[in-house]
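In what follows, structures are represented as structure tokens.
Below, chain A partners chain B and then partners chain C, in two separate complexes.
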Partner chain A sequence: MLEYKKDGWKAALCLAPSLLLMCVFTFWPIINSFIMSFLNNYHFALNREDVYNTFMGVEKSYTYIMGGRFTGIGIQNFITLFRDKDFLMALKNTAFIVFISVPATVIIALLIAVGLNSIKAFRGFFQTIFFLPYVTNTIALGLVFNSLFHVDYGLVNKLFNLVGTSWINSGATWGRAMFVLFIYSIWDGLAFKIIVFLSGLQNIDKQYYQAAQIDATPRWRVFTRITVPLLSPMILYITITSFMGAFKVYSSVIGIFGTGRYGPVGNEKLLITIVGYVYEQFGVQGMPFGVGSAGSTVLFLIILLITLVQMQVSKKWVHY
Partner chain B sequence: MERELYLNPKELKRYKIGTGIGRFFTYLYVIIMAVFIVVPFLWMIFSSLKPTEEIISREITFLPRTWAWSNYSKLFTGIQSIDPYGQPYYSFKPIPFHWMFFNTIVVGFFTTAGTVVTTILAAFAFSRLNFKGRETLFTILLATMMIPGEVFVITNYMTLSRYTGWIKSANHLENYAALIFPFITSVFYTFFLRQTFKQIPNELYLAAKVDGTSDFKYLMKVMIPLSQATITTIIILSMIGTWNAYIWPSFVTNSIYTEQLLVSNGLMAGLRGASETTGPNSVLNLQLAASTMVTVPLLIIFFSFKKYILRGVSRSGIKG
Partner chain C sequence: MEKEKEEVFETPSEGSKTEHQSVDVRLENLTKEFTDKTGKVTVAVNDFNVTIPAGKLIGLLGPSGCGKSTTLYLIAGLLKPTSGRIYFGDEDVTDIPPEKRGIGLVFQNYALYPHMTVKQNILFPLENMKMPKDEALALAQEMAELVHIGDLMERKPNQLSGGQQQRVAIARALVKKPRVLLLDEPLSNLDARLRLQTREEIRRIQRETGITTIFVTHDQEEAMSISDEIVVMNQGLKQQMDRPQAVYEEPVNMFVAKFLGNPPINIFEANLVKGRLVLKDGEVIADGFDQPDQEVFVGLRPEYLRVSRNGKFTATIDLVEHIGRDTMILCEIKGYDHLIRAIVPNDTEYEVGQTIKLDCSKLFVFNAETGERYK
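Entry: the complex of A and B
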């Protein structure tokens, strides 16, 4: 093997654009968000003069940093966070989406992929249909689900004769609204998972199936004893990425209510999620960014934890 | 299938019946799920073409009886009504689709162009150049992919508002800058390109070196042309990403400047609150027409570039 010389300066030149942008828009936000979550009563103002004029002289006990002010370092933000019923609601809603919607979607997608793989007629046609939702706009399709479940004019209420049952309109209960979000999450999430599962199925050696056929193994046992174990790396990958995605759920909630909020008119925080909560904390100048940042730190820690747990799980039952 | 001859006739019969039933249920399941996927699309398109009387009628109709194509022109003109005090107002505000499409294409074009340039350079450094700390740096970049992008939003907003006047600026170009700059690099696309670049045999590089070709010329003349398919995938996914971007634009664009909106935000602004309108005032058909306007271009892109999109999907954990 020919050894070629070190090209440090060339590499620096090539990496400079990416790394500079990442320092500003990726690394700094990670650090800053972490710092902010430990600054008590952290308020942010748009520019230095604003900070000075708004806060100086009013409260001498503040320390000024990074275009904002704070009163001390500690875990005040996390205490505020966990005492806020909106955040607890957000945790509950997010947990439901993660632990109920994701497994359901993964199982449904796996069965569709296996089904598609075993049929011959119309296979390409069905594949195209199942891939369709992949590129759709979350807000646009959110509205479509809104209209499907509309209290007066929705297809679902007309079809099942549920006149006056409010799913996502005013007066909707948590259970009904969550059901709509659940259905929408499944609809929205299937395409990606089916695509990944199908590409995984293509890589399974046909010999296993031929051997099973010789032994006249029933389809169900072929599925549980051959397909699932051999597909387990894909299943794990999909579950991890879907869990991460589900923890960040936001646009689909906004979409299905069509109100720009997390619930129907009159109960606008019904299905608030962690990300929704984080965004709620800012927007207005001088808002307490610390609490929002604490929220995103919690989100990060949860995702980290889930990833670590799943890595442990993968050592136990995933067959590579 | 001569392999089945290993079974005695009785077993063979049972096996055949078993697979027959299996096949029946497979088709049944696949068909039901396909209907589930397709119904929202068809409901959206057909309902967008219904006149208001049909939308609000108690009957179950799927196809419009009268095809109200004028719904689409109403999107641009809006619907004016008179309030109880005799003042005219928009009961449905016109949606500035021409601006939304134009802005999204401009922002998408520059974001994509920037992303392609920065990721090609970075992927070249990571795959071909020899420098100290290459693997460590790459691992750090990959690790950032685990951190939810939502964590970045608050700090990026702070950074831009402190050091630039781009946030919620009345100026078109400044608004574009705020929408483009944070997104002109991507760890995932760098990773994706690096994988492709690594598949190009080393011998080509060494041969080019012998001929005195510079690294840059080699990148332009050999690596990029050989990686065209991957680059096409990146371009399409990045454009779709801008088309569906909702969160960041909703923070940095002031929605009162309707000529600055991107697709998702304009759509949300157009839909907001209107799902509660009832009776003859219902604009559900117009809302669904707006959703159709946003969805159809995506479907066209999807059908035209299916191959490239699916290539990217099977390797990605991100949607849009």
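Entry: the complex of A and C
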């Protein structure tokens, strides 16, 4: 028992540095932003007006907390948030990316993995090709897409002879820009999913397929009735993590459109996302973090809800 | 399709729906070679000729790596033979894919789909055949009743014991009324008690359905106990095919003699001198051989030995084991340094160190090099 206790202390000591760092940079900020989102008119740091009011003896109408001041506790931030058309746009954009590109990516990755698994020649070659996006920087990939879809010298317009069709340059419509983002996020997301699915497929006992063959099972039925159910734990894992990832989409939008923009020149918030919106709040005069925090809280709640729904649904469909 | 089935229908008995059309299975010069990455060729099945009679239960028996499973997979069509033909009845099925051969295969680990219930597993082959739902359900239930799992239909495979899973696998293999049922090591995943029970089950199911059944095993007891005939294989070659007792009593070579029998057969060297079989101590134990003088191996099953006052073997007892009904003595024969086993009745007490005389009712003589049997 004494031994165990001593070991416990040793363990705690070894864990302390990382625990401390996580508390400072992960746990506290989470709690902090949650609190902030419920503080009305929260302003970080004092400003000149504040000093002036104190000097002139004007009665304080606010309370100090966490290095800033606020006027009360309530849901004012959330009201502001949902009245901001930028945020509503961000919600819409994020929802589109999550609910269209993620299922599409998962399905395409699954089909490619099954295809790859059934070929022998060049398997390693194709695996490498599909895995390349995973080891490539998001911004770099975005730049590639930026040039691919460029209105004047982009390969896509040249290839399909679409002269002057603007995808991501000024004059681009929401639909076209979103299309590019879809293609981008599907392609970017394939790599990791294919690798996970392939390893899952290789763990499925070959005898199930032999048994299916002897029973004259059509290919499509083998896929839907045997492969997919046996792979369902992997599919669930991939779907949940991809949903979480897609809700946090940000850098790919920046990558496609260029620094500080979420859309083409002239319509710079066309494809703004929730994380993009939250980040934008830092640029607002006087650092009113309240609305940004409220945005984060909303995002957190959405992800939590979707994940809970997925877990619930999976109980029926996933076979371990 | 239906018509074809009618034509090959041979089983005389009538009435039962579980009745299967049975055909004989003929393997002609069947050879399967595997080439590994380095180009090395392994002959798994070597010029295999055998006719498996319709409606019989046949055991393919041999040590691991002898090619028996390969033979089964060749019959199933999951492997393509390097050369040779396979016939079901008069039909050459060599180039027919497995799903069109009309076979049912029970895998060693059963390969039940883990995410489907027992019912769904049994229905699966029928759904592929696009059989109407209620007809399929009735057939599945009938098969389940046949293998005595009718009350487990809603369970998942992981909620079943090994023996029950085995039955589900058999039901799934039988439900589409195959012409031939193939079982790969059907009992190897079961514990000793279940094994005994299941092998009787397999025998019963085979009798009731009358389907030509081929099963693979490395366990001689398993093969001998339920097979109508056994085929003994070694290193890809057929050694012998006959009724189990006949193979046991009259092995064609030393391999078969050694492979069958528990406790194993006693093998020792002796010499053929002018047509007489002479032990190392000079004792003549048999004569009438027309082979030239040479060293040979003598095979003696433990139960062929008996204690007799004027026996030709002089033996010193090394160990006495009481094995219930009988007594097994391990003894050293004069002139030899290895031990032989003899099973003798329980009526006499034997002591370690005691010298006895043994006589034998029957013996096998094998060529020392080829293992071919002389007598």
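Quick notes on this structure:
Just so we're on the same page, the second predicted complex is superposed on the first by the 296 of 320 C-alpha atoms of A that agree within 3 Å, B and C clash if a C-alpha of one lies under 4 Å from a C-alpha of the other, contacts with A are read in each partner's own complex, and residues count from 1 in each chain.
Here is the rule we use: contacts are C-beta pairs under 8 Å (C-beta built on N, C-alpha and C of every residue); 3 or more make two chains touch, one makes a residue touch a chain.
Nothing here was measured: the structure is a model prediction, and the numbers come from that model.
Look at A:167: by the touch rule set out above, it reaches neither chain B nor chain C.
In the superposed pair of complexes, A:205 makes contact with chain C only, with no contact to chain B. Once chain A of one complex is fitted onto chain A of the other, the partner contacts of A:260 are limited to chain B, with no touch recorded for chain C. Greater residue coverage of chain A by touch, when chain B is weighed against chain C, goes to B. In the superposition on chain A, A:218 contacts both chain B and chain C. Once the two complexes are overlaid on the shared chain, A:226 sits against chain C while remaining clear of chain B.
Residues 210, 213-214, 216, 218 of chain A are contacted both by chain B in one complex and by chain C in the other.
Those residues of chain A that touch chain B in the complex are listed here as 2, 4-8, 10-12, 14-15, 17-19, 21-22, 24-30, 32-33, 36, 44, 46-47, 66-67, 108, 111-112, 115-116, 118-119, 126, 128-141, 143-148, 150, 152-153, 155, 158-159, 168-170, 187, 190, 192, 195-196, 199, 210, 213-214, 216, 218-220, 237, 240-241, 244-245, 247-248, 250-251, 254, 257-260, 264-265, 275, 278-279, 282-283, 289, 292-293, 296, 299-300, 303-304, 307.
Within the complex, the chain C residues that touch chain A are 76, 78, 97-100, 103-105, 107, 109, 111, 113-115, 124-125, 127-129, 172, 176. By the touch rule above, chain A contacts chain C in their complex via residues 205, 207-208, 210-211, 213-218, 221, 225-226, 229-230, 232, 319. In the complex of the two chains, the chain B residues touching chain A come out as 1, 3-4, 6-7, 11-12, 15, 18-19, 22-23, 26-27, 29-30, 33-34, 36-41, 43-44, 47, 55-56, 58-60, 62, 117-119, 121-122, 124-125, 129-132, 134, 137, 141, 144, 146-159, 161-162, 181-182, 184-185, 187, 190, 206, 209, 215, 240, 243-244, 246-247, 251, 263-264, 267-268, 271-276, 278, 282, 284, 287-288, 290-292, 294-295, 298-299, 301-302, 306, 309-310, 313-314, 317-320.
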